[in-house]
Amino acid sequence: MTGLEVDIAGIRMRNPTMLASGILNETGRSMVDVAKAGAGAVVTKSVGLEPREGHPNPCIVELKCGLINAMGLPNPGIDAYLEEVAFAQNGGVPVIGSVFGGSEEEIAEVAKRMASAGVAAVELNLSCPHAEGLGAEIGSTPDRVKRICGAVKASVEVPVFAKLTPNTSSIVSLASAAEEGGADGVVAINTLRAMAICPELGRPILSNRFGGLSGEAVRAVGVRCVYEIFDTVTVPIIGVGGVTTSKDALEYIMAGATAVQMGTAVWSDGPGVFSDVCDGIGKFMNANGYESVEEMKGIAHR
Amino acid sequence: MPIGSGIRAFAITEQVDETPTIRTVRLDGSMHAQPGQFVMVWVPGKDEFPMSISYPGERFGITYKVVGEGTRHLSIMKPGERIGIRGPYGKGYSIEGRNILIVAGGTGMAALAPMVEQAVASGASVDVVLGARTQSELLLRKRCERSGATLHITTDDGSDGSKGFTTDKARVLLEVGVYDMMYACGPERMIVGLLQLSRTTGVPMQASLERYMKCGIGICDSCAIDGKHVCVDGPVFSHEVLSKLSELGRTRMSPSGGRIPID
Amino acid sequence: MTGLEVDIAGIRMRNPTMLASGILNETGRSMVDVAKAGAGAVVTKSVGLEPREGHPNPCIVELKCGLINAMGLPNPGIDAYLEEVAFAQNGGVPVIGSVFGGSEEEIAEVAKRMASAGVAAVELNLSCPHAEGLGAEIGSTPDRVKRICGAVKASVEVPVFAKLTPNTSSIVSLASAAEEGGADGVVAINTLRAMAICPELGRPILSNRFGGLSGEAVRAVGVRCVYEIFDTVTVPIIGVGGVTTSKDALEYIMAGATAVQMGTAVWSDGPGVFSDVCDGIGKFMNANGYESVEEMKGIAHR
Amino acid sequence: MPIGSGIRAFAITEQVDETPTIRTVRLDGSMHAQPGQFVMVWVPGKDEFPMSISYPGERFGITYKVVGEGTRHLSIMKPGERIGIRGPYGKGYSIEGRNILIVAGGTGMAALAPMVEQAVASGASVDVVLGARTQSELLLRKRCERSGATLHITTDDGSDGSKGFTTDKARVLLEVGVYDMMYACGPERMIVGLLQLSRTTGVPMQASLERYMKCGIGICDSCAIDGKHVCVDGPVFSHEVLSKLSELGRTRMSPSGGRIPID
């Protein structure tokens, strides 16, 4: 691995940036476009067994330094979605399939079907903070995380990444549990459970009332989580949350991330943000004498 | 995709019946926008949906057809009651040329009315084709007449103007007239028809599309059409872009992201 | 109570804003100045039994939408600090004494001495995310929170407020525990555990590495916490985190807070922020036909 | 208290010995600041502390006395190594008047050197009293001489200039000269002495204070002096403010917030 290339659980990426789940990945075509815009890999939307409309509108709130979303895991069901996954392969970068479900068995089943579409890995959404009986509601205890990872590992051949919630007193114990369950990597962080109220209307803005905070606002929390996890687990870490500039990505990498994902930055800066971030990382490496991204990984622990 | 200012609450100043099924709501505040841009309209406790800004500026307004729960609830709200608005969003029409053809079908005139006024004000010669199912549904007709544009009415049932579709009238006008640009908003099959005319006559075109919208800000992918996002890349697209859209007039996405055929 | 006045656990405040603990409250004189600038009450710095220097510098990081601090609970010890508390009374507004400690007994003892200086209430810092053996390290389990509140209640006559950590999967269970332990109110939230890394230097900026995120970035999390707590506990709630404008304060109040505290806004907007926020609340009430702050409390739950 | 830009890393370009105990470090970058403003200097892994900007502009620099761990570590850093800087912070000197007296004691000239240059450049007639314990510790003497100001040296031990304190020399100058403004930076007892002279002669004064600083941005209260914050209300204060400070020359706060007497 030299320059911007990275290897994560055997998946080779031309650069350490990925599209985060839930952003511009309802359609295969959008994922291809994001790949063309420079992402090193794309994660799909989180998909379940059956079609789901998600929460009614309003499902997004724009803040000064981020977004709150309560999409509620809308998706057409894994079988219909496989067509989009197949199309996404045209982007020429690894496609990672994000899946969710209400039980070990269900998640394992969705993961299995997802894997059949030739994804490079599956990412388990154990962390959505606003969907009843799903996401963080089943991913907040180490025991459950371990069992889910174990079940999925038993059903797919590709690497399995567990995406973890920061809405906990110890993300480290969730990461350790994922590793014990056999996960090949952990993804941190999903959104922080949050709410916005419109004073004039005297009510929460989101139809679901609660949503997940992302963007600039959460970066320092995400970097902290990755730093903590790196001290404890040995599997690779993918950093997510508030990455908009190369400096942000470097914070995650130096905290211990092998790669980073970006979501909200696609809103604030457009899909060009992937190549901007990669250019910035490249320039930083030149200016500071680093020859590979790997070399910078976790150096803030020295 | 600049960082927006979030939802703001506005009090309703009046609700005006435009047709038996279409109303205009005016709001206590101002909103500056290009013709064709839209806002996300939050009817508290009910729904949030995209609507073109039919009256930009002071006491701005939107003109909506009652089609479901959200719009029905909006229609029964009284002056003084408040709704939430975020936007303006998206890319509107850009006014170009001295001879202009504007084609509005159904609620399409809601988006196009400010366009008609601004085009006339720019000194252009403006022909407007306004079509509806029947006479009583012709939207914002008086406003168009007052603007100084030349109005051509079509109705499906022949109750006013020429019987037939807006595309029929547009074809005739394009055959005899010389136009620099055609602007359209209306049902997708109308857009498809006009795009065909644009191709054969060589008159360039800008048209506004509709897709199911959730975020309105280019992040959720629910309004995607061939990788373009109606909320930020549109809703107004040029004929160059429109000609490349394989999904145009064929499929759209449901709220769950499944593909459904366009009627 | 009419206009901006509020009553919280029997403490009457001329308006619902308070200075948050740890901000401009090392000296009595600064607290007086903040009171003069318009705060309805002032909370003192968190104080322990013995003098403590806190963490070495750097102990603050400026972000685009907030601060990360790792002051590390510096304080001259309760006995020396009582002089500052006494002086603070000259501000003419209620003074709330914030205390911390490493055990039930220690916290109860500091609270007792604090109460002797005539504070209107004591606030228990069970939530500082960056001090070993203190704050969140002992305030993250319901059981411990309950016992600490019980011990303090047994040692002081004044109302007791428990300040809670958002770095948990359930702040509601901490709030319920505080209520069960006899707390007269809960304060939410303290800072989110966070980190910033300087890429050029390849290391965490804070000497303590970990710190607490405050300001704009955390408001949506704080509002969510207050909203959740209001659904469960009956004691009053004081909302903290990212309040800078009257709109922000109103979000907290409508979520269920009786009053709000401000810290980081003193940095971004100066101490004038207290009167600005109060003016804004007053104007909002006039424009929207509310006659008291109380009337707006929790209305987002309708 | 505007939102700052956070810590930035700068490479050291050179370290220059100014006196046996004081060095100047120049950095690869630019920093525009008023005379008297300061930066927080982060010596990675060691400490972060406030330092006046002695060389503003391109290749900016600070001039520091080695007094403890942090400054000692800074002093052994080599060109190419990097430190973190945040700022500029605080309120500096404002240049006023045609006849100016500048009084610098100890490391005080670090803050005042840019002031001397700008005052001369403004066309004012500038007298500078530069004092130190002994001749070898006279700071930035050459730079003052080159500036065109009139230099008056004092040393405690009489090894150069007049024997005695800067306050003694300032008293003499104030008695014979006519000054519009006096500027000072140095030990707090010097400031107290000059404030007394300012009061008796009626010459207004601006002086820079030092207090233990943690945040540097007006939030932690550790640099408080009678409710003023040296980091944001100062470090430069006018004689009006200085005269009202009951703690001036008496007490300061330790890192734990306890009050300790000023030596």
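As written, the chain order gives the labels A, B, C and D, with residue 1 at the start of each chain.
Throughout what follows, a contact is a pair of C-beta atoms (placed from the backbone, for glycine too) under 8 Å apart; a residue touches a chain by one contact, two chains touch by 3 or more.
Please read these numbers as outputs of a predicted model, since none were measured by experiment.
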Those chains which touch subunit C and also touch subunit A: none
Most remote chain, CA-based centroid, reference being subunit B: D
Cα-centroid distance, subunit B relative to subunit C, in whole angstrom: 50
Subunit B-subunit D separation of Cα centroids, rounded to whole Å: 65
CA centroid of subunit A to CA centroid of subunit B, Å: 36
Junction residues of subunit C, two or more chains touched: 61, 63-64, 196, 200, 203
Chain contact graph, described as a line, ring, star, complete graph or other shape: line
All touching chain pairs, where touch follows the definition stated at the start: A-B, A-C, C-D
Residue ranges of subunit D in contact with subunit C within the complex: 1-7, 9, 40, 42, 44-45, 47-49, 82, 84, 86, 214-222, 224, 226-227, 229, 253-259
Residues of subunit A touching subunit C in the complex: 61, 63-66, 68, 140, 165, 167-169, 192-197, 199-200, 202-204, 209-210, 213, 216-218, 220-221, 223-224, 227, 247, 250-251, 254-255, 284, 288, 296, 299-300, 302
Residues on subunit A engaged by subunit B in the complex (per definition of touch): 22-27, 29-30, 32-33, 45, 51-54, 56-64, 67, 69, 71, 74-77, 80-81, 196, 198, 200-201, 203, 205, 207, 263-264, 266-270
